[in-house]
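What follows is a set of structures for review.
Below, subunit A partners subunit B and then partners subunit C, in two separate complexes.
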Partner chain A sequence: MAAAVLALSALGLSLVFGVMRVVNVAHGEFFMLGAMLAWWTAKMVPGGPLAGFMAALVVAPAAVGFLAFLTERLLLRRIKYDPEATIVATIGLLFVIQQLALSLFGADAKPVAAPFTYRIAFPWFGYSGYKLFVVVASVFILVGVWWVLARTRYGLIMRVTQFDRETATAFGIPVNTVYSAVFVAGAALVAVAAVLIVPIQQAHYLMGLDPLLMSFIVVIIGGLGSIKGSVIAALIIGMADGIISVFFSPTLASIIATLAVALVLVVRPQGLFGVTAR
Partner chain B sequence: MLDIRDIDCFYGAAQVLRAFALKLEAGEILCLLGRNGAGKTTALKAIMGLVPPKSGQILFDGTDLGKLAAHQVPRLGIGYVPQGRRLFSELTVIENLRIGLMTRNSGPQVLDRALAVFPLLKERLGQRAGTMSGGEQQMLAMARALCIDPKVLLLDEPTEGLMPAMIARIRQSVIDLKAQGVTTILVEQRVDAVLPVADRVAFVENGRVTATVAVGELKASRQMIDRYVGVGT
Partner chain C sequence: MADNRPKKHQEDDAMNGSKLIVPKKPGLSRRKAIKLMGAGAAAGLAAGPGFVRYAQAQSSEPIRIGFQVHRTGIGAAYGRWYERTTTAAAALINEQGGINGRKVEIIAEDDGTDPGRGAEVVEKFATQHKCDVGFGTLFSHVVMGSAPRAGELKLPYYVVSEGHHVASTGLNRYTFQPGITDVKSQVIAMAPWIAKNVGKKVCMIYPDFAFGHDHRDYFSAAIKAQGGDVNALIPIPPTESSFTRYFPQIPADTEVIYHVMVGPAVLTFVKELGEHFGSSHPALFGFIDSLEAVDLKSPGLEFLEGSYLWEAYPRFAGASPKPHDTFYREKVGVDANGASVSDAADISTFSHMFGCWETLFILKRAMESAGYQGPADKAKLIEATEAMTSFAEGNEHPQGDKQFNGKIHQCFGHQNITQVKSGVAEVVYRTTIEEGLYEPEGDYTKMAL
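Let's turn to the complex of A and B:
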């Protein structure tokens, strides 16, 4: 189940990597911050779990997006998106955010109530309606992002910027603005993923590692730099994992995901949709 | 129309343009002629703001292009056809053209006009740009720049690597565009490539314009060609 959400966070990472060619190592910390903010918002907003959840869906992506905006302006732009420097800088950011979260929120795990507790009764067992909602919502968002990329003017601008930033500039595309928007969008996506997951898995200041690793897996399977590949890989992994966890067991889902990565790397080292170096 | 005043351009520490100066008159085809590495491409990139000059000015209808962000330059109506075409090869023909149309929010009539210059593209709108032949790709690169509805077109070695029949077609389209009032800077390495189309020729050597002459003078005097271009080109 969790993988549907992790697929969403992977999409954030791969958007950023795909367009800007940099790896944001602090991506998982954006996830953790989103979860912490979801908990905080739920606590602050009166009117029950549903109101808190709805508020968190606005607050968490907005706040994390703003932090990403500052990161892009003050950090990435300064080092000119140099791939190695970005890795080092975002590793630093990872620890800063982690320690900040620790001192602000503490080291204990923070539970958040699900917005609704309806249980779906299958003939042979019951299943949490919220978990199913999360899977459906994640798939919905993934398809939405794919639609934006493939079918809209903004998607075209992003693909063009990814492909050749100099020529994009020569056709009036403000590449820096595109970078800024993509970085913020990637962070907002991962924050939404965190808001979705936090009623299932408690918020904790060290929770960022899992989504970071999973995101790398998705990006590798999809093909480094291929946004479309990442979206599709995220969809496949998210759905397969969701279905397998619902009907069989989460452990089996993890095993299968790991095997899939190994298989892809053996058969197609460049990823499903990657191209070998141009 | 376009007035380049003594610009100096660098790649890192290496100076490539030295007090490069050039004046472009409305409606003409001005050719930049020079050898490998003379700085022709860099001059066009300087105009586009892609290699910002360290000193000097580039005035376009009175606007100092050096004061603008690079992405604002094409929005003034400068269409760029880069050396090697630089198409978005994974995109379709129509998507490439749409990028050009978006630059200045050109209307459908601009697309129609660009396709009228290169009718062949009309049947290929859904094809991936990278799968077309070199000549077709060159047409697309030019059509993409025309979709800006440009006042000035910068053409960097448009016939490089093409077959002779295709070279003639590309050259004809440059002449057709002039008839439609498009002002053009055409970069070429070979003098025989510019004589049939140019109004004036600027010789570029070592990052400098060493001379600018009317094409009539050039045609009249073979010695002149030899003097500026050297024997054998």
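Let's turn to the complex of A and C:
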């Protein structure tokens, strides 16, 4: 469960870094915004939680994607995707989005009803059916993204741009458009993750920080820019987190995850599946 | 010849007008411009915080109560209701003629439920707003962060926090908690009833900071004194957003799950507890904190049916509410179900916010008995508060009568144990004040003022 959501939210970050070589610190706020919009949509759309959930699956990624589009056009393009400047600019964006959400939606946690409630009962404990659905949905999305990247023309264009920007330009690939598309897709993906998770977690204006940190851990361990690495790292971190939490303590799980990042950075700076930056 | 003097001198000349060419614009003469600037400066000064407008007439100036409120951060739901209650109480006090003939002015500052900002807010009250007292802090870590600064600035500081930190005499002479009973007293009062009626093998789930540690330490001791036992302690970081992975730590032989959670994720917490256990679970004894600002009838909370709750002040008015209970609800704008009268989905933090109401009336009483006129009388105010011993039930103390121990700056009241029946919590036991008394751990009155 944790692994699936982690993979989904880290995916966007990894995609953006992989292709564009910039780090989006406001990634977690896109997540928060997705969750807030899911709450707002669920409130606005009549016809029960299912209709609200479906509408949110459309509205949230679209709106967050549009914001990402504006960010890319008005911010990142102006600073020419300079890595350091991007980090500073997106930190600024983080605070702008966070405080805007606070002013617009208020400081309360917003509960969103799950599209369905079904409790799977095991003899000694129960598990929410919706959570299993989230896992399944995450797997589908991950496979979908992989399929786009590996099997379609668009994926090829993205991979070419990632491999060598200048040569891609020389071959007539509209690199700027690719950058826009990737940045928007990354944001839309994390918004989908948010819509999926919000019936479990509630929307809150500070909720972006946690996924940001975990996404970074996952992406660093997996190797920045490697989708395969991100997914595998998300599985490792998510499972380890669950298992260590259950048998020892959640604090220990966080300590181990952070230590793992340090270890990976020391031993294999490019990450488990990363390729050395060119 | 070139002017070789430092640039500063040249600029000074320009300012003096020796080199300044003033264009002759019709409509804005130099005199007018100066007048405008003067007016602007005066307005700016008057609007700025800390500007003393009634310096010549001390007694007509309002009594300023600096209200440290959790408008944002993890305490926002509590903050919203603390503010409504405080506003209502201040309006009532002003209706009744204020304090010592002076109006009460509430100066609210958001602390973001953050200890660091809390200390800054206290400082702002003392130095910028020239407040007479600081008031209203809830979250225990913010109290811990702010109280030392209040002590240093000698700002009387009346918190509404529940934590044991005031009564532990570990803070300072300027910090009081006269409006709400502390956790140690609450759990001592209820432990015998829990051991007798719910169970003796208790698993505790609590937030991993000062407030939760009070529960851990004092409840563990109290249940052991009743021949019971705590078989597992499950601390949860206050910023946690998902709890499922903590529940497998609950031992199988648990008779009672004792839960007390705070923060924006409380609804998730109880929902996930329900998902984990379904309908067959150990008995549940929860502090209403886990459900403050949450509708007991929310989907997913059906499993709470039959479980027990601690409530300082029962959210549901019941069949025959007392007249002062009705009066208090009406003034604050809360209906008989503990929800806002304007929005039934906006559930109050009923078991905590009465503390703001009661503390303000205690402050009024203390200031009146001290003949308080201004910050010069701070010491008198402290001593007058310490001299109080009891508060009678009524409009000013709707939660019930209380005893006050001036040596430890803490009040002691009745606690209610309620049981959820068809989504409504009904009182099944109300403790006496004596059940919650303990030996004082120190004496603030011996500290210097």
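By definition in this document, the second predicted complex is superposed on the first by the 230 of 278 C-alpha atoms of A that agree within 3 Å, B and C clash if a C-alpha of one lies under 4 Å from a C-alpha of the other, contacts with A are read in each partner's own complex, and residues count from 1 in each chain.
One rule holds for everything that comes next: a residue touches a chain if its C-beta (ideal position, glycine included) is under 8 Å from a C-beta of that chain, and two chains touch if they have at least 3 such contacts.
Since this is a predicted model, take the numbers as computed values, not measurements.
In the superposition on chain A, contact is made by A:V160 with subunit B only, not with subunit C. By the touch criterion defined above, A:D108 lies against subunit C but remains apart from subunit B after alignment on the C-alpha atoms of chain A. In the superposition on chain A, contact of A:V267 is made with neither subunit B nor subunit C. Of the two partner chains, subunit B is the only one that A:P174 touches; subunit C does not reach it. Comparing subunit C and subunit B on the residues of subunit A they touch gives the larger count to C. Partner subunit A is touched in their complex by these residues of subunit C: 71-74, 76-77, 79-80, 236-237, 239-242, 244-249, 252, 264-265, 267-268, 272, 275-278, 293, 298-300. Across the complex, subunit A is touched by residues 48-50, 69-75, 80, 82, 86, 88-91, 95, 98-100, 102-104, 144, 148 of subunit B.
By the touch criterion given at the top, residues 1-2, 102, 106-109, 111, 113, 117, 119, 121, 124-128, 131, 200-202, 204-207, 210, 241-242, 245-246, 250-251 of subunit A touch subunit C in their complex. Across the complex, subunit B is touched by residues 153, 156-157, 159-160, 163-164, 166-175 of subunit A.
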